[in-house]
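Think of it as A, B, C and D in the order they're written, each chain with its own count starting at 1.
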């Protein structure tokens, strides 16, 4: 069984080597002539004003939050889906309760306007 | 797998736990503390999986326990970060030494 | 030393190294990236323990979900993205905490080595994912439904707290 | 003749036999692994270079232009010229950037989609690792790409980069949920997460049984790829180029490469799960697989040539208020149909009929549920 996963390690090495190799080749070939103006950050040619690490609105966090909750749900739903056609209809009911409780959360967020971008 | 003794996993898990503990107790930044706690939970999960594999490989309890524990970790991170954001909004800081409303 | 042992040592070194880098890095954003590396290392340990499904879940939830949540929270608190000027990243008690952690580690190490664990190295048989799915529907039905309530509470609570 | 049909496994067998005479068993295994991974990598890279050409050519045709036509016959050597240009172009690192993260980000963006190919069955017996968590592995690995984007956006220390990265990640996480849920209908039928099983259970391609799931999968993967009409993270008119604004030369090429490799991954997963994978009459299996992949990719390019960009609020609202509920309804529908018509025992035609009824009912329910919101939206548009 582990042999099946060993090829993932090989994949990881190759997937890392492809971009690193490309970047290294380019690093050898390309010119290096930095100067202060060139190395400034690019904001449409205008001099930058203020700090780049600005504060974002809380809306981003809410989306990530709902995502994490539903992501966790997959940890339960995927085994259930695999087992379903050998389980019978009671599994569907048990599953519906689980999903309904989570949907209540989604509906709450929806009603409260947490899903609006604005 | 079979040629790795169980104690190796336990040692790695306890090392990870202690690193997380150090992070959780010593960082000034509230988000840093939360990250320490997440690492501690991960260390516990390694232990659970190792015990499942080495002691009760036929029972499912170990794996179910890990999935539930991951769920709890996700819920904890969600609420904890929301609290940190709320504190940041009202007090404009995430340095928890500045947040001492309930301190003597 | 066998190949799996070498793999184990390599993975553990990466995991623990990333965790150490996490607790010591000055910038919180960089610390969060190291944390993700540690999570991936833990997923690799799960694979060595023949728990492939848990490894995938670890990647999906921790490295893909919780990490994004933490990084977003960092973006929402801009001052923490840079090291705090004039302040160390650690609080005043860090040396004491380091000593306690080291002591605890020594104790746990001794415990892990000395205890005679009742090891039972049977092969894992059957379709693990199917068994988990059936387990959630039968033996572990209560934890299964209770976690959905936990998730609901976390969702509602976090939304209420995060938006004023 | 038979040799052409299962060329992959044959070559592996012959090589293994040849190597077996000279090397110990573990070395043979290792060499075979490296060779097969390298073959897949080369295939992906060549497809990537060809796709950059194909996309420009197709979009040009749709817009009544000719597209690349100077380098080589029909402009076919354009990708090579591009590659040489990228290689020799100066690479600028902003002085204020966080150097380590800035340099690692391109690698982290490319590696996850490349790793996802480990579980793709390219043809009969041509799968690198038929893991029992197959599809979940592909989803989990692709979700790691968000971290590279955030790293790139943050480390550039450029407002446009950071805004682009945040938008991209918010969009990708929102659409990951409907994507995961849409795959579940299929998994309930197959009873396995392994890609090999998913293909072998498809006597009828699942797109016929699960059309709603396929549509949701397709839409959410376009959003995951940040392609038109969901390309808000790279909206040139608003935020320059999004998260890769600061990147130039080869590092910029890495971001392009990640985009196209992800397109191939998405098309390959979609083919395997919904279009019957490598199954098909007459032609060899891998040819079928390639044909199906290119059909999906062509539709993607068609979308890009046709549709305008959406607004952020429309996009997020569509994910949570439409895709997620509909995907859940689809799971419920599949559950009922599977209970009435068990997939392993009934004739495929009966199944097709049962799912047709199920899908029609599902469509009616969805239309009824969303009648008011759609009417309101239409009124808002005509009123404005």
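In this text, contacts are C-beta pairs under 8 Å (C-beta built on N, C-alpha and C of every residue); 3 or more make two chains touch, one makes a residue touch a chain.
Keep in mind that what you see is a predicted model, and the values were worked out from it rather than measured.
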item: Both-way neighbours, i.e. chains that touch chain C and touch chain B; value: A
item: Of C-D and A-D, whichever chain pair has more C-beta contact pairs; value: A-D
item: Central chain (by mean CA position); value: A
item: Gap in Å, rounded to a whole number, between the CA centres of chain D and chain B; value: 33
item: Computed distance of Cα centres, chain D from chain C, in Å; value: 28
item: Interchain centroid distance [CA atoms averaged], chain A/chain C, Å; value: 17
item: Per-residue overlap in chain D, given as positions that touch at least 2 other chains; value: 131, 136, 154, 162, 166, 173, 176, 191-193
item: Set of chain C residues in contact with two or more other chains; value: 4, 48, 50, 52-53, 57, 60-61, 64-66, 68-69, 72-73, 75-77, 81, 127-130, 132, 135-136, 147, 151, 154-155, 158-159, 162
item: Per-residue overlap in chain A, given as positions that touch at least 2 other chains; value: 2, 5, 8, 53-54, 56, 58, 60-61, 64-69, 71-72, 74-76, 78, 81-84, 86, 99, 106, 109
item: Pairwise chain contacts under the document criterion; value: A-B, A-C, A-D, B-C, C-D
item: Interface residues, chain B side, partner chain A - complex; value: 1, 67, 70-71, 74-75, 77-78, 81-82, 85
item: Sites on chain C touched by chain A in the complex; value: 4, 7, 47-48, 50, 52-53, 57, 60-61, 64-66, 68-69, 72-73, 75-78, 81-82, 127, 129-130, 132-137, 141, 144-145, 147-149, 151-152, 154-156, 158-159, 162-163
item: Chain A residues within the chain B interface of the complex; value: 2, 58, 61, 65, 68-69, 71-72, 75-76
item: Chain C partner contacts - residues on chain D that touch it in the complex; value: 26, 98, 101, 131-133, 136-137, 139-141, 143-144, 146-147, 150-151, 154, 162, 166, 169, 173, 176, 191-193
item: Chain D-facing residues of chain C, complex; value: 3, 27, 29-30, 33, 36, 52-53, 55-57, 59-60, 63-65, 67-68, 71-72, 75, 81, 127-130
